[in-house]
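Lettered A, B, C and D in written order, each chain numbered from 1.
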Amino acid sequence: MGMWIGRGRKARVAYGFDDVALVPGTVTVNPNEADITWELAGRRIELPILAAAMDGVVDPRFAVEMGRLGGIAVLNLEGIQTRYEHPEEVIDRIISGSHDEGTRIIQSIYGEPIKEELVHRRITEIKKGGGSAVVSAIPQRAVRFAKLAEEAGADFFVVQSTVTTARHIATEYEPLDFARLKRELAIPLIVGNCVTYEAALELMQTGVDALLIGVGPGAACTSREVLGLGVPQVTATADTAAARDFHHKQSGRYVPIITDGGMTTGGDICKALAAGADAVLIGSAFARAIEAPGRGYHWGMATPHQNLPRGTRIHVGAVGPLEQSLFGAAFTDDGTMNLVGALRTCMGSVGARTIREFQLTEMIIAPAIKTEGKIFQKVQRAQQLGMGR
Amino acid sequence: MGMWIGRGRKARVAYGFDDVALVPGTVTVNPNEADITWELAGRRIELPILAAAMDGVVDPRFAVEMGRLGGIAVLNLEGIQTRYEHPEEVIDRIISGSHDEGTRIIQSIYGEPIKEELVHRRITEIKKGGGSAVVSAIPQRAVRFAKLAEEAGADFFVVQSTVTTARHIATEYEPLDFARLKRELAIPLIVGNCVTYEAALELMQTGVDALLIGVGPGAACTSREVLGLGVPQVTATADTAAARDFHHKQSGRYVPIITDGGMTTGGDICKALAAGADAVLIGSAFARAIEAPGRGYHWGMATPHQNLPRGTRIHVGAVGPLEQSLFGAAFTDDGTMNLVGALRTCMGSVGARTIREFQLTEMIIAPAIKTEGKIFQKVQRAQQLGMGR
Amino acid sequence: MGMWIGRGRKARVAYGFDDVALVPGTVTVNPNEADITWELAGRRIELPILAAAMDGVVDPRFAVEMGRLGGIAVLNLEGIQTRYEHPEEVIDRIISGSHDEGTRIIQSIYGEPIKEELVHRRITEIKKGGGSAVVSAIPQRAVRFAKLAEEAGADFFVVQSTVTTARHIATEYEPLDFARLKRELAIPLIVGNCVTYEAALELMQTGVDALLIGVGPGAACTSREVLGLGVPQVTATADTAAARDFHHKQSGRYVPIITDGGMTTGGDICKALAAGADAVLIGSAFARAIEAPGRGYHWGMATPHQNLPRGTRIHVGAVGPLEQSLFGAAFTDDGTMNLVGALRTCMGSVGARTIREFQLTEMIIAPAIKTEGKIFQKVQRAQQLGMGR
Amino acid sequence: MGMWIGRGRKARVAYGFDDVALVPGTVTVNPNEADITWELAGRRIELPILAAAMDGVVDPRFAVEMGRLGGIAVLNLEGIQTRYEHPEEVIDRIISGSHDEGTRIIQSIYGEPIKEELVHRRITEIKKGGGSAVVSAIPQRAVRFAKLAEEAGADFFVVQSTVTTARHIATEYEPLDFARLKRELAIPLIVGNCVTYEAALELMQTGVDALLIGVGPGAACTSREVLGLGVPQVTATADTAAARDFHHKQSGRYVPIITDGGMTTGGDICKALAAGADAVLIGSAFARAIEAPGRGYHWGMATPHQNLPRGTRIHVGAVGPLEQSLFGAAFTDDGTMNLVGALRTCMGSVGARTIREFQLTEMIIAPAIKTEGKIFQKVQRAQQLGMGR
C-alpha cells in the first residue's frame, strides 16, 4: 500500500469527493423507505447533516430552526455571538463594507474580547426556542467554556481546532486533557478535527462521544495551501471509520464520526456517508439559507488560528429557506438544494435502507475533473461559496 | 483489481470516453466495406446510433425521418407529446421565455397530466410516416403504457429510469416485475438504465430484449453531481458487455446493450462500441438537427425524477439536417457531424469489418485532459450541448 | 502490463509529451560537442527536424531554404502546389477571406484537380535551388506519383495517410503494395503513419526506408476527436523504436523512425528523440517562419481524408526567419524558437553525445498539467498554432 | 519501481508539490516550541528559507536586512550588481519600459561586461551592513570569482548552473573541477543544481558543503518547456536527501541540501522540508518584499544560459516588508506571507520538533488540481509571480 515518491520514501494515494463515485446497487430501494437517522451519545438524531460553527451560518435563531427540522447546528462560542451583545449590528458592518475593507473589518471585529455572560445567554436563547444547544470552543478555552455551557443547559459540547490529538506537547502552557474534560463533563463531548486512524483511535480511547473528521480536505483549503497539510475526505473518512469500527469491537462503544469540510453538493454528502461517516457537518451550503445570520455572506473559519489569516468575506446569496435546502423542492440542478432528498434517492439507488448499510456502498475511482465542464462548475461554485476556506 | 482508498476499503478505477483512445490495427479495411448494422430482437437495424427520448430531440416527425435514414428514435411518453395536443405551442413557450424563466416554465409545463389518447395518436403518426415506433415510459407507468403502445402498433417498448434493477424493494407500492411485463407484451422490451455486471445479468435473465447502459456517465451529469452516483461509460459498457456475453453463453440468447449518455462526438460513439456496445443512444448531438422539435433548444432529462430538478433549457443551435449529422459532409471538425462516416472510418482504421469485430478493438488509457486545449473544447461543447444533464 | 478497464478487458497506459520529462545525467556534455546528425537511406542528414507536408508551411522556396540550413522539408503533392500554377494567388484568397468563410474557401480550393505537369515543375524548382526534393502523396496516387517524382529527380518519396498498414483490405480497389512500390522505385521510400510495434514491423519488412510515427497524438487532434483513434507520441515512439531495433537485429537493416505530430516546443522535440525517434516532423512551428508560404497562416492536414473535414485556417503570425526558428537567438521563452539550440542543450544536460545515445535518456512520468499555468499556456499556444489539427 | 511507457521502456512517476500533502501527526507540538534552525558548514543558521540570486530580489541592502532577520540571501555576481556601478538606474530602465520592450531592454542590459572591482564592492557593502555575504557565479567564472569573493570577505560561495555534475565533458574548454575548487577555497562552497541521487552523491563526494536541488521543477519552467528537462521537486528532494543520508553514513559528513525553485506558498516550503530538504531557496515570494531591489518587478533567471532566452519582466507588486513575508502577520490567506509562521504551525501539526524530525513527515499523494479552484489560483499566482521562469 503506497507508491514510491522518491528513494526510500513511500506515500499512499488519498482520495477526495471528486475522485470517486458511488456504484448503483443490484437491489434498489424506494427512497421514501430509507432510514436516514443516526445516534449520538444515546440520542437518536433525525438528520445526518449538521450545520457548522461559523458566524455567517449559525446563530441562536438558525439553531432553533434547524432543531425544528430535526437537525443540529453548532454555535461558535469564539465568534461574534459571544463577543457582542447585538451581533446583527456587527454583521451589518461586515456585509456593508467594501470588498477590500472586508478582511480588515473582520479582523478588527474579532479582536473584541469574549463575554462569558453571552455564552450563557446564547445557549438559553436556543433552548427557549426548542432547539438543541450545541456549542463549540477551542482547546485553550475548552475547560472554562465547557463548564459554562453545561451550566447554561447545553446539549452537546464541541472542542475544535485545525488538528487535534490526544497527545499535545507544550511547555509554555498545559495541554488540554480530553479524558479529564470528558470525566468532568455531564453533557456529551464532540472533538475534532482529525484525519488518521491512529489519531482518531487515541481520541476515541479518551472517552469522547463523537469525532469531527477533516483537515485540509480540499486543495484550496487554507490548511492545504498555507501549511501543505491535509488529507482528502474520502480517505480520511474511511480511515477514521475503520478506527471507529475497531474501537467498537474492542470497547463495545460506538463513537460516531462526523465528516467536516469540503462538501458542497448532495453528491459530496452521499460520498462522505458512503465512505463511512455517520453524519456530516456543512458550512457553506447553509450560508445560502435565508435564516443564516450572514444574510447571503459568509466568512472566516470555524477555528481561529494564530498563524493563519481569517478567511475573506464571500457573497453566496440567500437563495431560499433552510427547509428548502434540506427538503427541496430544488429549482437548481447543481446539487446544493434538497440535500435530504438527494441522500434518500442515492440510498435507494444503491439499495441501502440505513446509514449503516449505506456506509458499505461500493465506490469506484472516477476522477471528476476528467470530464465535461466539471472543473469550471466546481471553481465557480467554490468561489461563490467560499468553500474550503 | 482495485486500489486502496482507505483502511479496509478498495475501489476499482473506472474509465470514461475521455480516458481512453482506440489503437489502429495491424490490418486496415476500406471504410465503405465496414458493416455497421446490428440486430435487435431478431430485426436487423441499419444504424447503431439511436435518438434518445428527449422532448427537444424526438417527436413523431423526427422519428419518421430517423426511420427513413435507417435508424431508430425513441419517443418519450412522459413528455409534452402525450401531455399536450399541440406540442409546438408548448415548445414556443419554452424557447421564447427568458433564460431565467426557462426552468420554471419547463416545470409548470410538465405539471400537465398525460392524456392516454395522445399515446395512441403519437404512435400512429410515426407508423403512418413509415418509421419505427419506439416509445418509453417510467417503471411506475410501464404496465399501463406498454399495453397502450402495443395496441397502437408500437414496434418496441422502453422502460427507463435512472437506476433500474430486477429487484426493487418498496412497501408503499408494488415494484415492477420485468419478467411478467415481458411475458405479457408481444413487442420487444428494452430496459434501462444499469451499469454493473450483476444488475445487467439479472435484468437479462428476466427475458428483456435489450438494455440501456449508463448512470451518471460524466462528472457533470445530474446523477453524479446531485447524488454522487455514476460509472464512467467505458467501464460500464465493458462490464455489461461481459454480462451479455456470459448470458449469451449460458442461455444462447444475445441481448444487445445500448450505451446511453455521455457521448458528444463521433470519437465517443466509436469508443462506446469498441468497449462492447451493440448500439448507442444519443441526445444532444441530434438536438442540433433542424428536424429536432426543440428548434435549436434542448432541455430536461429523459427520465423525470422525484427528487431531482429538471434540467435547464440550453441553446445548441440548429446546424443542419439530421441526414448531415449522420452522413455528412461535415463542415466542422469537432466530431459532432457525419457520425456514421466517422464510425466507418474508425472501423476501417482498426481493421473491423463488423460491429462485433469492432467490440474487440484494442484500447489504450490516454487521458484527454492532459493535452492541448481539449478541456476547454469539451467545456464549451458541453455547455453548448447541455451535455450530461 | 495493462490496467483493468472493465470485466475481462485490459488496456495499457500510453504517454504523451506532457506526461513525461527527461532526467539530467550524471555526466554532462558541452552542448556544442553534441552530434545531432542522423542517417536516412545511407545519406547523412544534418538536422533531425523535418518540415511537414502542409501547404501553409512548405513550398519549393521553403524547401530550398530548409536545404540550405541542413534540413529536409516535405512538399505535399496533393495540395495547392500541384493544383495551381500560381499558388500565391490561391493563398491570397485563403488568408484574405473572413474567418467564417475560411473553411469553405479552403474546401473549394482543394476541389481543383491535380495537374501532373506541376508535380514535375515543383520538384525541379527545389532541385534548381539546391534543396533536397522530398515529396508526398496518398496511397491511392502513390504508384503514379512515385514514378513522376522519380523522373523529376526527387530525392525521397513519401506515402502518407492517417493510418497505414502493410495489409489493407478492400474489394472496391486494389490496395497499395508497399513491397512492390519499393522494388520498382529507385529513390528511397518513406511511409506513414503508424503507431504500433506490429504495424511498424510489418511495414519495415516490406523494405521501406523510414517510417512516420503518429496517429491522433494529442487529445485535440482530429483523429482522436472525430474517430476516437490515437496513441500519445511517447508510447508510440518507444513502441515503434522497439520494432526498429528488433528489425535491425533480425535483418541488419536500420529503418529510422520519424515522429510526426503533436510537438510544439523544443521540449517536445527533445522528448520525441529521447523516446527513440531518429528525427521529427514538425508543422505548426515552421508555419511561423517568414519563409513559410502561408504568411503567418496555417491550415488543413497533411493528409486529406474522405470522412474528415479539413482543418480550419489559423493565424499563427510570421515571427522570424526559419534560420532563427532553428538556431536562434530566441526572443521568447516559450520553446518555439531556437529548436536546435534547445536540442543541443538538452543533449548536453543528459550527457548524450549522439542522437543514438540520446534515445536512451532516462524519462520520468511528471504530468505537465498538474502544475502552474501550463494548461493555460498550452491552450493558448495550441490555439495560436492550430496544433494537432 | 516504474511504469511501462512503451515496449522495453520504463519510467518512474515523479511527484511535485501539488501532488502531495502532509499528514497530521498522532502527536502535536506547540508551534512556538518547534526548532527551525539548520547547520551549514558548521554554522548554525536561524532560518531555513534563503533568498535566491535574482537581480529583482537580492542586492546588498536586501542581503543586510535578510541577515538581520536571521536568514541568508544570495547575491548574483553575474547580474547588474557587478555590471553597473549604479544598479538602481538600470532597474529604473527595466521597470519603466513598456511591457513589450521589457525583454529586449533586459537583454541589452545584461550585455554589459562584469566589472571585477564591483564584486569586491558589493561583498563589502553586505559585510559592512552586518549581513552574511553569500555570492554566486556560473561554472565558467567560478575559479576567478571564488578567489575574488574570498578576498573580499564573503561568507559562502555558490556555483550555480541549470544542470551541474561532477563530470562534465568538453574539449573546447577545461571543465570546472569542484574538488580542486573546494580544496583551494577557504570559505564554504555551495553547488547546484542537481536532482538525482547519483549526481548529488558524486557532487557531495567532491567535498562541497551544500547542494542546491532543482532542475525544471514545474511544468511551466523554462527548462521543462524549452528543453523537456526536469524533475518535480518532491521526488528530486527525496532522492537527493537519500544521497545525503548515504553519504553521511559513508563519510560521516552531513552535506545539507537546499531545495531551489517551484515554491510559491508556505505549503510548498513545508512540503520541500518534509520531503527531506534542510533548507529552501525562494525567489518570487521575496520579490514582493518592499526591500527587494526590483520594486515590485521580477525578471530573469538566476542562471544565464547560452541557448535559453532570459525570462520576461513580471509585475508582482511590493506588498509589505520582508519581515512580514517571513514572520507575518499575514493579511492574505494565499500562503505567500508569514512563511515562518506557516512552517512552525505545520511542524506543530505533524508533531515535529526539529527540521530533522520534520524530514520524516508522512506524505500522501493528493493531487491539488483535482479539486476546487486550485488550478485557477495557481495560474493566477504563477502569472503574478512569474514563477518557475
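Note that in this section a residue touches a chain if its C-beta (ideal position, glycine included) is under 8 Å from a C-beta of that chain, and two chains touch if they have at least 3 such contacts.
Treat the numbers as computed from the prediction; the structure is a model and nothing was measured.
Visitor: Specify the angle of rotation obtained when superposing chain C on chain D by their C-alpha atoms, rounded to a multiple of 5 degrees.
Guide: Fitting chain C to chain D on C-alpha positions yields an angle of 90 degrees.
Visitor: Interface overlap for chain A and chain D, more than half of numbers shared or less than half: same or different?
Guide: Answer different: the two copies use largely distinct residue numbers here.
Visitor: If every chain is reduced to the average of its C-alpha atoms, which one ends up farthest from chain C?
Guide: So the farthest one, by centre of C-alpha atoms, is A.
Visitor: If you average the CA atoms of chain A and of chain B, how far apart do the two points sit, in angstrom?
Guide: Chain centres of chain A and chain B, defined by C-alpha means, are spaced 39 Å apart.
Visitor: How many angstrom lie between the centres of chain A and chain C, each centre taken as the mean Cα position?
Guide: Their C-alpha centroids are separated by 55 Å.
Visitor: I need the residues of chain C touching at least two other chains; which ones are they?
Guide: Those would be 12-13, 18, 235, 367-369, 375.
Visitor: Going by the touch rule stated at the top, which chains touch which?
Guide: According to the stated criterion, the contacting chain pairs are A-B, A-D, B-C, C-D.
Visitor: Taking the complex as given, what residues does chain C use to touch chain D?
Guide: Interface residues on the chain C side: 1, 12-13, 15, 17-18, 20-33, 197, 234-239, 241-243, 265-271, 274-276, 328-335, 337-338, 341-342, 344-346, 349-351, 353, 362-377.
Visitor: Touching chain C in the complex: which residues of chain D?
Guide: Chain D residues touching chain C: 3-9, 11-14, 16, 18-19, 103-104, 107, 162-165, 167-173, 194-196, 198-199, 202, 215-216, 218-220, 222, 224-232, 235, 262, 264, 305-312, 367-369, 375, 378-379, 381-383, 387-389.
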